[in-house]
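Read through the structure below, which is laid out as structure tokens, and then see the notes.
Order of writing sets the labels: A, B and C. Residues in every chain begin at 1.
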Amino acid sequence: MIAAIEPSWYLVVASVLFAIGAFGLLVRRNPLQMFMCIELMLNAANLTFVALATSLGDINGQTAVFFVMVVAAAEVVVGLGILVSILRRRPGATADDLAELKG
Amino acid sequence: MNPTFLEYLVFVVASLMMIGGALGVVLFKNPVHAALGLILTLFGVAVHFVAQEAHFLAAVQVIVYAGAIVVLFLFVIMLLGVDKAVDLSIEPIPIQRPLAAVMSIGLVGLITAAVVQAGDAVGTVNPGTGIDVATVENNDSNIQQLAQNLYNDHVLAFELTSVLLIVAVAGTVLLTRKWPKQADS
Amino acid sequence: MVELVWLIPAFPLLGFLIILVAGRRLGEPLAGLVATAMVGASFVVAALTYFELLGMDEKERSHVETLFSWVPVGDLQIDMAFLVDPLSITMCLFVTGIGALIHLYSIGYMHGDPKFSKFFLYLNLFILSMTLLVLGSNLLVTFLGWEGVGTCSYFLISFWHTKEANATAGKKAFVTNRIGDFGVMLAMFLAFGAVGSIDYAVINDSALAGTLTQATATGIAALLFLGAVGKSAQLPLYVWLPDAMAGPTPVSALIHAATMVTAGVYLMVRINPVLGAAADWVPTLIAWTGAITALFAATIALAQNDIKKVLAYSTVSQLGYMFLAVGTGAYVAAIFHMVTHAFFKALLFLGSGSVIHGMHEEQDMRKMGKLFKFMPVTAGTFIIGWLAIAGVPPFAGFWSKDEILLYAAAESWALYAIGIVTAILTAFYMTRQVVMTFFGDQKWGSLANEAEAAHLNDESDTAVETDGAEAEAIETVADEELVTHGAHGEFKPHESPPFMLIPLVVLAGLSMVGGIIQLPSIGIIPKNAQHKLLDWLHPIVEFGEEAEERGIGEAVIKGTTANDMKITLIFVAIACALVGIAAGWAVYQKKIAKPIEPAILERGWGYDAAISWFMGKPGRAGFDAVATYDSKVVDGAVNGVATLVRGVGGQARKAQTGYVRQYASIIGVGVVALLGWFVVIRGIL
């Protein structure tokens, strides 16, 4: 069955999710939690893609989600690797402590 | 046709799961609790996917995101011991919270406004935009449609993605490796 | 031969290159002979060209020989081209002729000098530049020569540069000339802006046709006059010429008597149509500057004791006469006086060089005397030069000076008065010089004997009266030198070698007969011998229908009182010359009256000192102000821009706090803003 819920609702819900993710990214200082907020934002985007793919009848939206997931996975891997190498040197560092690029 | 009651219910429950989990990610002090909130969000999104008939993607979401990525997060949390609680009441950058609030509220508000303004135009193909609707048999199952689209139209991107994965793996191994100390230094 | 006119500068150039490459190997005297031969060859070419021009019809005597296109830049087309016409060939003739004689003289004078070949290198370069100057068909080639002679003057004045005074004199000459060069450059720009070309033909034609506005013509004429004032040592830029006597005497003879200093006069005569089209105050200014300079310099020459300084101030004075002539419109008289002055002044300088050489580098006239019997040839030729400059007929100087005075009288009796007074003074100080050097009392010691020297000290104290304490100080210094001179034994002045005497004799001959080129139109002189120079030059200086109607030469001043009194004026001039000579003889030889040589005249009316003081105090203040302005305002503006950028950057970098979260929040706000613009202002996404 084709879902009959209008895609605009999905858009709004996804935007709320995105907003929460963005807010969290800006407010949290723990690097891992900031990462999780990034995942939230990516999921919001995925949701939008899928919702509109179905309503437009275009499978390309779902393909895009596929690729987004793959890239998100790769990004998490690399990002966590970086985090591990940093936090090994400075345990307990937060995003604010990593401010060497101060102008 | 109008959505049935069941569909509405599914929508609302899934959305609540999603948003609740998100709030948990943002608001919990303990990173492990935040990770659990993330899992809730991911499940909510998966339910939404199923409701949108993207079965394959829902499966992938659960397996990859909730199953691998969040587990990875938890590994790192445990490895590095960052599970100590962080005091949220102090904010070193004074302007941060207001700006964040402005941003999130602005975002939601604007998109809602856009959506409301667009009305019925959301989700309908605009004849003059030049977007090509995929020529896929609508009778096929979702996974088949997806596969056909992926391997026919986007095969190059697919190959590059595989390269990307290998690069990511190799890079991460290199990044986190502990280099042996030089014997004579 | 007209096509081969480029050989005239080419020969000295060749000489320059030969000596540049092989000078030291050629050595003495071969380098000198090569240089002399080159200049002599130029003279031969000039003479042949002259005869060829003589054979042409009067109207066809002006040719332009283009060598190559020098500056072809859009509207500005300047060729390296030579203008062959009576004026330039006249200049070439006496420049190369006297130049060759002086080259010959220098072989003898610079004998034994370690930098012998270098001297001839510079001399040839000088002749090259001077011929370029006079042959140039446009202002730029002339300017090339102009700068060239200035540079050579600098090289040659400071030839013995190990002595600080010589180097300073060279610098002074160069810097003072530069001030004048500034005027020439501005005039070039003005001419190009007004008529689109700097060819003499174009400029002069446009001035004659009336297309040159009076303002432009005034500007060009005044600016070129500024250049002439610098180059030809008129007030206020004459200060370099007396100091330039620090150079070797042949240099003084060639450059500062016969050729370089006449470049200014030549330029003025070359652009005489522009002068005619300019406002009236320009020629008047030129005339008065010339007259006052003549008088001023003559007064200073009365009190000079260095044999060359007298001649230097005399040169300034005679140049003043030439400018007086230019200013009153007597261009032919100016050129005539230039030629005769070249003869007798070069003669006088070379003669003084011979005296200096014979007196073993002694230059103070107070230590000379009774040299007639030791240096007869030098003395004889010097006397001929003396009579010429004093204005005694039939020597050359009389004819040219008389013509200048005639035109001056036609213009203004005040100018004539100044000219006559200067003529008397000229005769007076030249007589003084001749007496002090060749006649009078012997002031040089023949025995290196202290008693003898002391005895001579007393003599010289009474013989020369001076005013003021400073003069006494000078006297005591001179006394000391009197004792040490000739300390190696018997000292006797000797006559100079033939290399030096031949040019003296030749120049003496020219000074005697030089007047025949422009004899005035008086009844007793046969008609076809009258004013030959005028006939030769008049296409350059007086032409057009106006000239043809009223006639040329003295016809210009027909009807004035002066013209009617022509014969009277001639006798007045002769009388003045004789009065001056008699007075000088009386004071210095016969010692009838005490000589009056105020110290202020010896110091040149304090002019040099005034300039030094001015530059030292107010001038320095001005320079400091300019320097401060430059460093504060100009540099400040430039640096200020940099400082401003740095300041802004410094403020802007406060945005880079290093906090990633803050950067993210700014990005986020930006996203919202963009979104807002799309949604609100442009309608839907």
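Just so we're on the same page, a contact is a pair of C-beta atoms (placed from the backbone, for glycine too) under 8 Å apart; a residue touches a chain by one contact, two chains touch by 3 or more.
None of these values were measured; they are calculated from a predicted model.
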Graph class of chain-chain contacts, one of line, ring, star, complete, other: complete
Farthest chain relative to subunit B (centres taken as mean CA coordinates): C
Which of A-B and B-C has more C-beta pairs touching across its chains: A-B
Chain centre separation (subunit A, subunit C; CA means) in Å: 91
Centre distance in Å when subunit A and subunit B are each reduced to the mean of their C-alpha atoms: 5
Subunit B-subunit C separation of Cα centroids, rounded to whole Å: 95
For subunit B, residues contacting two or more additional chains: 92-93, 96, 99-100, 103, 107, 111, 118
Touching two or more other chains - residue numbers and ranges from subunit C: 657, 659, 661, 665, 668
Residues of subunit A engaged with two or more neighbouring chains: 22, 26-27, 29, 96
Subunit B contact footprint on subunit A (complex, rising order): 1-13, 15-24, 26-33, 35-37, 39-40, 43, 46-47, 50-60, 62-63, 65-67, 69-78, 80-85, 87-88, 91-92, 94, 96
Touching residues on subunit C, where the partner in the complex is subunit B: 657, 659, 661-662, 665-666, 668-669, 671-672, 675-676, 678-680, 683-685
Residues on subunit B engaged by subunit C in the complex (per definition of touch): 92-93, 95-96, 99-100, 102-103, 106-107, 110-111, 113-114, 117-118, 121
Contact set on subunit B toward subunit A in their complex: 1-4, 7-8, 11, 15, 18-19, 22-23, 25-26, 31, 34-35, 38, 41-42, 45, 48-49, 51-54, 56-57, 60-61, 64-65, 68-69, 72-73, 76-77, 79-82, 84, 86, 88, 91-93, 96-97, 99-101, 103-105, 107-108, 111-112, 115-116, 118, 122-125, 131, 133-134, 136, 138, 142, 145-146, 148-150, 153-154, 157, 161, 164-165, 167-169, 171-173, 175-176
Contact set on subunit A toward subunit C in their complex: 22, 25-27, 29, 34, 95-96, 98-103
